[in-house]
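Paired with chain B in one complex and with chain C in the other, chain A is shared by the two complexes that follow.
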Partner chain A sequence: MKSWKIGVLGLVVVLLFGLLAVADDPVTITFWHAMSSRHQPNLQKLIDDFMVEYPNITVEAIYQGGYGDLQQKINAAVVAGNVPAIAQVYENWVTPIVEVLYPIGPAMTDEEKADIIDGLVGSNTYNGILYTVPFNKSIMVFYYRKDLVPTPPVTWEEYLQMAKDLTADTNDDGTIDQFGTGFRPAANPEQFLNFLDEAGGSILNEDWTEVTINNEAGLQAMEYAVSLAPYSLVTSSYMSDAFQANQVCMFIDTSAGYYYNNQAAETAGFEMGVVRVPMGPVNQRSMIQGTNLAVFDINQTQAQKDAAVLLARFLLRAENTVFWAEKGGYQPVTKSAYVTEEWESWVATHEYQQAMSAQMLDGFAQILHPNYGDIRYVIATMFEEAMLGEATPKEALDNGAAEIEALLE
Partner chain B sequence: MDSRYLIDKHFLRQHTYRLLLYLLLFVSCAIMLLPFFWMVTTSFKLESEVLRMPPQWFPKDWLWRNYIKAWNVAPFGRYFFNSFFMAITTTIGEVITTILAAYAFAKMRFFGKNVLFAILLATLMIPGQMLLIPNYVTITRLGWFDRYEALIIPWLASVFGIFLLRQFFRSIPDELQDAARIDGCSRLRFLWQIVVPLSKPAIMTVALLKFLGSWNAFLWVLIMTNSNKMRTVPVGLTLFSSEVGTAYEQLMAASVLAIIPVLILFFFTQKQFIQGVARTGIK
Partner chain C sequence: MIEVRSSRSRFRFVIPEEWKRASYWRETGAAYLYLLPALVILSVFVFYPFFSAFRLSAFKWNVVRPPGTFIGWGNYNYIFHDKYFWRALWHTFYYVGINVPVTLFLALLVANLLNKGLRFLTFARTSYFLAYITPLVAVSMVWRWLYNWQYGLLNYFLGFFGIDLINWLGDKRFALPAVIIMSIWRYVGYEAIILLAGLQSIDKMYYEAARIDGASGLQVWRKVTVPLLTPQIFFVFVISLIGSFKVFTEIYVLFSGTPGPLKSAETLVFYIMRQGFFGTNHLGRAAAASVVLFGIIFIFTLFQLQITQKRVHYQ
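So, the complex of A and B:
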């Protein structure tokens, strides 16, 4: 063999070994999350499975408190430059820090990208690129007491009528102790955002240049919410607490609250049903909640970024998103997950999941505006004011719109 | 008028007053104790018994397993050690630095004293949240992130403590200092042998407030640490709550464990604590 051939062969061998060595190089990544003790064993199981499949990757899952704490920590870490490889993020957290993220989409196959539920693609896309991927997603659904509501309401009108009929002073002491429905405006303004979307409204226009929450559709949504107010328990506590105390008969809440709501129903001694939210004038959609996964681009080696992307893709796999949904009360985030045998049999044996799945597949997501956190707070305040009768629906909306306007500047 | 009648009337009035007083104290005490009672009984309840209406005051079965479950959710042993270590070291450190600084501001004359003190007080007006990111960056650049240095060193001094002790030290007559100095007593000796013993209640208050503050510190610890080996009890307590619900029975079990050291501390120091509160008007 000629010497140059030997040389080339040698080079190829060295390169191949080199590549193999790189591929097998141990890499450690950190995953910042806000999952409470109930979810942590499930998350760890998924991570353990991932580490079995990729033995050279070690994932350190680090709990960073609640979502608010996690956001503060991410913001601080971005400034200090000691970010994790991967973290749970809400849509609006990403917008101001998108330049320090490593986009996951370009490393995914077209099939993987097309598999993400339609309602979740836009909310993970920044500047036309799929930067983040959905992770722990839940959907707003309608919970009700089966003993008092034999046929759950299908339309807004039916919901209002039933709320009225069920509101009662059961012990004749002059005060209402059983409300038809309930709201927690300060903690869960998404209850109003559902009505807003169902009326065809929105918080802002498409390019975030104009506040639209107080237009005709917004007013219709708020007036409807306020028409329910006399028959509603307006509280700041979890709806499950009021449910258990026999104070509310039906309410709109996240599917992630199923475990607690059902526990409340069982304790109080009645059966709970779950259906889609009542149909509004325009649609029957509800809001998808929960976080996505973001991979960071700063202070990470390429191997760490690649490993983090692999983890994000692993968690999107049908079997994993199904496991996460079944164990944690979340909803699968890919279309293929909904047609797996495992999920279909789960839905068949868990009646409530039918409504949740149907609702999830046409759900709408949070807007990506960087100030959404503050905007959400304004909406919560205006919703609460209107529900407590401190302002008329129009006043509440107009005041809120002015505040949101200021947040756009 | 019959004098016996007068005595009886006086006796009756005094006893009625006393009875009413005790009744009021009893009711206030019951109101104060109710959350503790609820915490302790809830820590033994079944999940389904926690929010039952009408309230179930006592658990049907006393479930110790809530404590075991809660303890196993996170490495609470390590968290307790860290909480103790942080609380004790920051308390000792703060008491020393605060006494020295307060003495300087109360009893010494130096250029720019009042301006410096005003600047110190002004730092109290800055909300802690605003400083979180700059502090995080500083801690990270110092290489203290996820280390005891981050949990302890920034808390070794306190403007509030300096302010409190300065006010107290100022009430000690200057003549005492002059006399001591004439007798050849150094400033430091005067401080440790005369000022400190005279100011014990105020110093105890500063120490106790610091201990409680450090024991309950949450956000700072969460932000400045990443690993379980550096975290403290309050961070562990958040594990039981989420956006949609809370495992109350486990949270209460962990909370009972978390307040036991504080209660023990209070039992041993309640005399000084109450004196300190009474003299400084702070609790």
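So, the complex of A and C:
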């Protein structure tokens, strides 16, 4: 009788201690990122703040190299079953591995979910569930030299005209050395996707059953791009190189490139301006770039997954996404962030941010087709062929459309 | 040794005498023990991946359920019907066909000059080797500026000869030649140093004998120097041939991650990387293309061994 009671008591004590232990159990999670040294102190500051708020959680942020390296390492980690708790991911990295991810959305409040910028919800939603959340987001905007372009172009027509006027052989050696604008078709097909969206076109129809890139809107977009070609430096290098060398006067590039483009302008000794992309026939939208955060489901304890979700939610908070945007040159990812006093005063004192913010709230994201990686490559190829005069806009689009068609099965 | 005797039964194993001695096994065991660390490392990082690539080439890769779906020859079928694969193959042969002989020829020339006993031999040797020991990515970054259309040093010098500005990195006709020029510059020094070592190890007595026999400079070169240098020439040739087939980094850096304008500098390894890693996870196709590349290099190497074995002379 007595021993039975002692047994129960013992069990209760053990259970109680067990519970206590769970509540205070220190959890360590790893965070794989591709944020270079310029961003790391800011990221670490956010993580430190997080660890102060959740003292039982330790976050180990590990730099994995560039985005390409990060993707390869994530894929290898998934194969090996040795994944980080949380990582930066691009949309098209997620589609093949979505089933090993732990959805962040279901652990978020409705308020939090509704706060994410509209343009970013779809690109983080897989099978109707918010799997990932936006993190370091940027938007394509229009950069120009203030000394040569007193009033930046507002429409496609003005852009074309100005590009034409600015293209010149400044040293009279018989070749053009100053181009009105510039494109990186093979490296940055998003420059074409902007035109495509602005003309009301799309790569695929709504339910991804048909290729629409070569319809009338697509042709209009490509013909417009090609009309700019004679006044464009077509290259694979970053535009900041050519900008610094006085080879291009204006171009469309991601807002994350602001730091580098501005540095190029300062080195070359002119002032740089930033405005929204020129208005197309249908809209003035541009493409959102940058990565999201994903939490992994395999080989992670529930405590680790919960901790990772907490970190993702923490980074979405207005003050944090604003801090990250101000320091890193990204754009805040939640609506509430844009109306904080901090951000409003930042925008008021940083002229270029007005264009970026406006453009961001109106941005469109990449489609989540499982073969998007291949589709993007086809678009880069057709864009380059058209820009270099290897094919007419129609030929390039039709060839590309046939290739994309084959990727839809 | 295991001997197979055909006299009575066709496969009769005769246990070698030394196998019966315990000391033989101790010694062999010790040898294998010493080899073990290297074998383990090689197995994990070389042998396993090597054979794994063959297996992988028969699968449609799936990252969540590796290796994915078995599709037999499907990946080979895909790449053999892909015009970019054939272009990449052609670009690779073009690159190898020009790069290897030209570099070797220039290296021979340089090695001979250095062997003539220049006053600043050590300095010259070091400076030639510098190109080789500088990290490839750094070198490629520098060349990107040398090749700049408007401001590049190369076009500036060509301007003295009345040559119009060449858009080295932006024109599909010049993209691959640009890669070749850079590679030649980089490897001439390396190959020259190896050849120079060979030249300096040739015994002086051969030259003296030739001179006594009244051989001309050219004759000495053809009949003494070249034959006795064949081991080094052969080595350099094989190494540079294999290396050239695998060209990738130069292109990746020179063209900012793209395979040159209109893919005009896409080589086989670039094609492999693009299929497998640049945003598309076609590891099966990448593996299939790798197997093809392996086959090509393998055949070339066999061929070379056959040909050169007859022509390589050792002192």
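Just so we're on the same page, the second predicted complex is superposed on the first by the 388 of 409 C-alpha atoms of A that agree within 3 Å, B and C clash if a C-alpha of one lies under 4 Å from a C-alpha of the other, contacts with A are read in each partner's own complex, and residues count from 1 in each chain.
The rule we apply is simple: a contact is a pair of C-beta atoms (placed from the backbone, for glycine too) under 8 Å apart; a residue touches a chain by one contact, two chains touch by 3 or more.
What you are looking at is a predicted structure, and each value in this text was computed from that prediction instead of being measured.
Superposition of the two structures on chain A leads chain B and chain C into a clash. Residue contacts after overlaying the shared chain place A:H350 against neither chain B nor chain C.
In the superposition on chain A, A:Y238 makes contact with both chain B and chain C.
Of the two partner chains placed by superposition, only chain B is touched by A:Q263; chain C is not.
Look at A:R376: by the touch rule set out above, it reaches chain C but stays clear of chain B. When both complexes are overlaid on chain A, the residue A:S36 reaches chain B alone and has no touch with chain C. When the two complexes are overlaid on their common chain A, residue A:K146 makes contact with neither chain B nor chain C. When the two complexes are overlaid on their common chain A, residue A:Q72 makes contact with chain B and with chain C alike. In the superposition on chain A, A:T254 makes contact with chain B only, not with chain C. None of the stretches 23-31, 41-49 or 149-157 of chain C clash with chain B in the superposition except 41-49. Comparing the two complexes, residues 72, 75, 79, 238, 245 of chain A contact chain B in one case and chain C in the other. Residues of chain A touching chain C in their complex: 68, 71-72, 75, 78-79, 92, 96-97, 99-100, 173-175, 177, 184, 186-187, 234-238, 245, 247, 373-374, 376-377, 381, 384-385, 388, 390.
By the touch criterion given at the top, residues 62-64, 66, 144, 148, 150-151, 164-165, 169-170, 172, 255-263, 274, 277-281 of chain C touch chain A in their complex. The part of chain A that touches chain B in the complex is made up of residues 30, 35-40, 62-67, 69, 72-73, 75-77, 79-82, 138, 238, 240-241, 244-246, 253-254, 256-257, 259-260, 263-264, 266-268. Only residues 47-49, 51-53, 73-74, 132-133, 136-137, 140-141, 145, 218-219, 222-223, 226-227, 235, 238-247, 250 of chain B touch chain A when the two sit together in their complex.
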